[in-house]
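Common to both upcoming complexes is subunit A, partnered first by subunit B, then by subunit C.
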Partner chain A sequence: MATDLAPIISVRDLNVEFRLRQGIVHAVKNVSFELRPGRTLGLVGESGSGKSVTARALMQLVDPPGYIASGAMMLGDTDIAKLGRRGPAIRALRGADISMIFQEPMSSLSPVHTIGSQIIEALRLHLKLGHADARKRAIELLQQVEIADAQRNIDRYTFEFSGGMRQRVMIAMALACNPRVLIADEPTTALDVTTQAEVLDLIRRIQRERGMAMLLITHDMGVVAEVADDIAVMYRGEIVEAGPVDQVFHQASHHYTQRLLSSVLKLEGTAELKAGPVAGAAPILSVKGLGKTYLVGAGAFGGRAKSSFRAVNDVSFQLGAGESLGIVGESGSGKTTLGRLIMRSVEPTDGEVVFSPDGAPAMDVRSLDRAGLRRYYEQVRFVFQDPFSSLNPRMSVREIVGEPLHVSGSLNGRALTTRVRELLDLVGLDPDVMGRYPHAFSGGQRQRIGIARALALEPKILIADEPTSALDVSIRSQILDLLLDLQRRLGLSYIMISHDIGVIRYFCDRVAVMRQGKIVEIGDAKTVCTAPSHPYTKALISAVPYPDPRTPRMSRREKYFENSA
Partner chain B sequence: MGIYIAKRLLYMIPTLFGMSLISFVIIQLPPGDFLTSLVSAIADSGQGLDRASIDRLTALYGLDQPFYVQYWNWISGIVFRGDFGWSFDWGQPVSRLLWDRMGITLLVSGLSLILIWLIAIPIGIYSAVRRYSAGDYIFTFIGFIGLAIPTFILALGLMYVSFTYFGLNVGGLFSPEYEGARWSIAKFWDLLAHLWIPVVVVAISSTAALIRVMRANLADELGKPYVTTARAKGLSEFTLIMRYPVRIALNPFVSTIGWVLPALISGVTITAIVLNLPMAGPLLLRALVSQDMYLAGAFILIMSVLTLIGMLISDILLALLDPRIRYQ
Partner chain C sequence: MEQVTLTEATLLPAAGMADAGQWKLMVWRFRRHRLAVVSLGIVVLLYLVAIFAEFLAPYGPDLTRPQYTYAPPQGISFVDHAADGALSWNPHAAGYDITVDQEAMRRTFTPNPDKIMPLGFFVRGEPYKLWGLFSADLHLIGPTKSGEVVYLLGSDRLGRDVLSRLIYGTRISMSIGLVGVVISLALGLFLGGISGFYGGIIDSLIQRLIEVVSAMPTIPLWMGLAAAIPLTWGPIEVYFTVTAIVSLLGWTSLAREVRGRFFSLRGEDFVTAARFDGVGEMRIIFRHMLPSMTSHVLAMVTLAVPAMIIAETSLSFLGIGLKPPVVSWGVLLQDAQNLRAISSAPWLLLWPALAVMVAVLSFNFLGDGLRDAADPYGD
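Here is the complex of A and B:
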């Protein structure tokens, strides 16, 4: 172990507070840690635990009304806590001694400046290079972060790059002035798993080569297990547990850490609640040759489209009654469009969708008229991804959950209120909260409200598009368990759309893997997740970080290239 | 970029056609025509105009022809010969009246626009960066006073002050001694000495709104992650604000050029009347009152064209400022 190396930064009893109208909020309480050369400290915690604020405090980047109340952050002989938010002293540190990689590379880079100019700026500022030298160095940096054709790409803009490429640019920028400390704030959260694996590889390699100290902030225990040497677990502003990665993962002493790890590990397995599909059940929904073509570049006055784009291409599957089918894929694979095509909220270009509920005539969804669609929507409903924006903030919970009943005209007045109470009870919420508005609820509770709304009309099928991706990991399994419990009690069938293999493996009976609009592999969830047959699925699954430092998975991952299919 | 501009120019043609049609319809809309008001004016002066001469005049001006023939005569003259028709009221070709007035109007409006930006952008930036500070409140207060004072009162006030206390000759564009003189440095200086009053008056009334626009735009941008990124690079606060959020906050500003120009031109009418300036506004007003249809039509058409040109300029500037638009 290299713990004998002297720390580059040592933080002692850091307190960060926010002065709000309701009073002072202690976002970070008595936090202490050290960053040593060549080592990575993973700062983990759920949303609101204060980990990002801690990282920003290190560079004096906490925005008002937040401020550093007390504590010391020693970088050599300099106490960063005493430098203040502005002024030349802190500016000389930022970007030169300490630099930071942010979560969302699209919004963290200026869209109207070329990537080159944003890197060159830092070089000229701290290293006092001339323009030509700075440009040369920027090209070298872009090459180091494996951006092909750096000579040409240096003059491009962020929106011309993919998410992973943008994050590489961000990394190049952070590395520009050879910092001693690199802070990465959720550097891969916005990326697909395969891209995440590559970017993490890159960060780790460069960090080791240069002997930088790194502070990695993440909510993903898998990422920490793969990348970090030490861990500090934050909970409500405090570090509740810290130590070498292996020790924390295998001998966690604090009950919060134990709970966090158990909810992470739970998602590594299969749900106990899972009933399994009824053997020989008739398919309730069958999709045949479904496709959607978007025309690109068609003018407002008609005109021929320049090209067409197949978002979903010849997709066929059957959903059995009482079954959960997972649809997994990376961004742009067409999984969300597929969900919308089934709902006909996006009109399919070709193929057919047949809904055949038990004891009722089958519906050919594509030929339904308005009234027919209405009946279809009563039985097939949607659960949305973002529990914050999918609930109208100006409607009370009673109105939100009761709206489908109201619209369908099936219930009114007291009967409707009674039904809303039932529904809230069903999803594990106290029925007495129904007079309140969405802002009074946490993310997990809001998602429960969304589920109650979807259940209002006693549907047969729920299509859930990333229902848990906006939630913390401990809440995630609760929501999935709720859905499974409901499935058992109400005989529902699910289509679960997700990018998260863990969620799919935990929740689904069967899984379809999508890539570029097509299903590349479909089969039993356990088989696909443990012994995939298609090379793309293999690459995808091997790229998922595994939350156990003793069995890293990513470093041994398989890569998928177009021609290896 | 060249293709982009060419495309925009091409799109302007159908728009121009539509606008010329609407301009012509508008000037035809009020009941009666120029002859009606001429006949009543002559009747007022005690003389009668007999039926035959009215018919003769009607035929002469082409007022008896159907709408589309009149429109064709009008527009073809403009497009092919630069002939905007005859002003009944002034007894002159419209084009002779038009360009002088339009030139002065554009000069005053253009200078006002520049002055507005010079005041509004820095104050807007200051207000956004130091939101809810004393300075923000003070500038906002002054800005709103400027917005609230009617322009003609401001014009009268400025005229009074500069005449009584500084002994300046105000009103009109030139002092009497330069009125007919040839252009010289002295005459140009005299022009500037007269021009500042309308420019300031017009600018002050529009500044407050643009300060608010700039403040709101920039305040939105200041919280964006890319600003934090720039700060994390170690840039000074001034440099980073100017280079990143201000650059992006300017976009909505630039896109207003299109409608700011015509708004200024019609907005200065009252000021122009008060200050006795030979600008387009008063002339248009008079043309509309006396139903001098070709003169009014020409003004409306030219203002529409100016709006279009303003839009084109703002679109080109936007494309230059923002690569996301350029690359679409």
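Here is the complex of A and C:
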């Protein structure tokens, strides 16, 4: 243990408050921790727990109406809490002693300057280097963060880089002045799992090499388990539990930590509620050779397209009645487009989709006219990813859930209200809240409203596009359990689109792995998740951080290269 | 459910907000914008003045009195100083002596502290027909002795009361803005709406039309169109033609904003969700998309009214908009065009200009407040 090393930063009884119209909100309450050289403190918590505010307070970056109410943040002999938000003292400290990596690499880098000029600026300001020296140093930094061909890439702009490369540039910038403390605020949340694994590897390696102290803020218990040495668990502005990573994971004492860990570990297994598909059931939806080609560069005056892009390429699968099929893939794999193609909100360019419900004539979805499509939409429903934008803020819950019933003309007046009550009850919401508007509900509750709307017309199939990715982990499993429970009670079939292997493993019977518009592997969910056969699937699954510090998985992950396929 | 309430309770808005619809939320947000609330009061006041012009004005707008040309504003005080120093309630205007300079044919008004004109509220005066319907002769304020004449804001070169003319001018100036905005709004909503909802070739055509219209130099165009109005037309016809001319050019920015809103709403998840609910096109537009825009449209309209007021004023000032005997702020300013008038009677310039500024500023602040309140779900 390296606890004998003197802490670089020690935070004592930090309080951050926000003065709002409704009163004072205590975002951070009596938080104390220490950052020691060479060690990583993982600050974990769910959204709104105050973890990001704490990190920002360390650099005096809390924006009004927020302010540091009391407490000390000692960096050597300097108390950062006393420096104020502006002035040369705090500016000299930012970047030089403490630097920060943000979540969104795109919005924290300037798009109008080359990456080189942004790093060089920091070097010249803080280290007072000349231009040539600064440039040389910037190239070294880019090499350290494993950016290939740094000599040439230094003069490129951020939009020429992928998300992972941008995050590497951010790291290079953060390291520019040899800071003693690195704060990483959700550094990999916006990245795909395989990229996440590489970036985390890099951060950890550099931190060890330089003996920096690191504060890693994340909601992902897997990431903490893989990277952190110590953990502090935040809940409603307070640190409820802190200690070495192994101790917190295996001997958690606070009930919130225990509950958090159990909901995380729950998603590492398979759902108990899972009904399993009815043996020998006929397929209810079959997709054959489905594809979508986008023409790129077609001008406003109908000029010929310069090139074309296959978002979805020759996808075929069958969904059995009562089955849950997962579609998993990284960003840009075409999984969301596939869902939209099945719903025909994006028109397919080739292939066919046949919906054959039990006891009714099969529908060729691509040839449906407007009335036919309306009948199809009654039976095949969609659950959206974003619980905030998918509910019209100007309609009450009763109107939102009742809209499909109203439009289909099946119910109105009191009968409709009764049905809405039933539906809200079905998804675990208090029916008396239906006069309220969406802004009165939390993310998880909104997602339940979205599900109630989808169930209104007694559908056969639900297509769920990342229904849990905007939710905190403890709510995530609740929504999945709700969907599984509904499946058992209503005999639904699901297509679950997700980037999250945990969700797929927990929820699905079968899974299709998509990459660059194609299905690379399809099969039984358990088999694909534990013993994948395609090298891409292997790389994908081995890159998922595992929430147990005793069995790190990421460091032993397999890598996938284009030519290894 | 227990976990949901535990972890997410902090994010929930206050209990009273839960049942509040968009209008209630908008009102709450609007109230926080102090300047806008004050401006709303002023705008309402201006419209009340416009509605009850006959009652509020001491005299008719066209009542001329040759013996009182260029009479200066008379100060008002509400209490009387008696000889023994005691104060008594007696609203009155300061009086003056009139001397006529026979050579220059000019009247000079010298204040005379001994002379006062007692004023009263709700006094009987010149008969009028309220809104052209009801005969009445009650005025809010006026001299109690019949036969006395008071000019609270001065008089013009024909001895007409500037206050009365200003009040009647409010009616025309404030309403021409509204009529103009209604026409612009209809055009803007319709063309912007179909442009934004359908997109494609229709959108391209309408956008090119907007570009052509906004590329036209406005003042020469106004002058050209106004010159085309036959001289034989009465003031009312001219009034409507001017309105139409102003609004035919004013719809473009509204149309662009409406189109932008439609474009961004079309991509919203809740619109896709409505489509998946089987909702038809018309219901999507009117039930799902338009409510998200009404508040924005309201703000746009409020910001468009001052532009119309300015346009009317400048047109009339240049002599190509409204013409006497119609009374508007612009027409009043016409009287202040020559230097002599300004040097000997600055109130002719001061009051109408002040009225225009107050009205335009109030509408702008009100519009700003509405725009900030327009999207209660913005942050």
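In the analysis below, the second predicted complex is superposed on the first by the 565 of 565 C-alpha atoms of A that agree within 3 Å, B and C clash if a C-alpha of one lies under 4 Å from a C-alpha of the other, contacts with A are read in each partner's own complex, and residues count from 1 in each chain.
Here is the rule we use: a residue touches a chain if its C-beta (ideal position, glycine included) is under 8 Å from a C-beta of that chain, and two chains touch if they have at least 3 such contacts.
These numbers come from a predicted model, not from an experiment.
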{"item": "Partner chain in contact with A:173 - subunit B first, subunit C second, else both or neither", "value": "first"}
{"item": "Residues of subunit A touched, compared between subunit B and subunit C (which is higher)", "value": "C"}
{"item": "Touched partner set for A:500, first subunit B, second subunit C, both or neither", "value": "neither"}
{"item": "Partner chain in contact with A:192 - subunit B first, subunit C second, else both or neither", "value": "neither"}
{"item": "Touching partner for A:386 - first (subunit B), second (subunit C), both, neither", "value": "second"}
{"item": "Touching partner for A:34 - first (subunit B), second (subunit C), both, neither", "value": "neither"}
{"item": "Contacts of A:94 with subunit B and subunit C, given as first, second, both or neither", "value": "first"}
{"item": "Partner chain(s) touched by A:330 [first = subunit B, second = subunit C, both, neither]", "value": "neither"}
{"item": "First, second, both or neither for A:59, with subunit B first and subunit C second", "value": "first"}
{"item": "Subunit A - residues contacting subunit C, complex", "value": "21-22, 46-48, 236, 259, 263, 300, 343, 345, 374, 377-378, 381-382, 384, 386, 389-396, 403-404, 407-408, 428, 433, 435-437, 439-445, 450, 453, 472, 474-475, 478"}
{"item": "Touching residues on subunit C, where the partner in the complex is subunit A", "value": "1, 3-4, 7-14, 17-22, 25, 32, 204, 268-270, 272-280, 283, 288, 291-292, 377"}
{"item": "Subunit B to subunit A touching residues, read off their complex", "value": "223-226, 228-237, 243-244, 247-248, 321-324, 327"}
{"item": "Sites on subunit A touched by subunit B in the complex", "value": "59, 61, 63, 86, 88, 91-96, 99-100, 102-104, 107-114, 121-122, 125-126, 157, 159-160, 170, 173"}
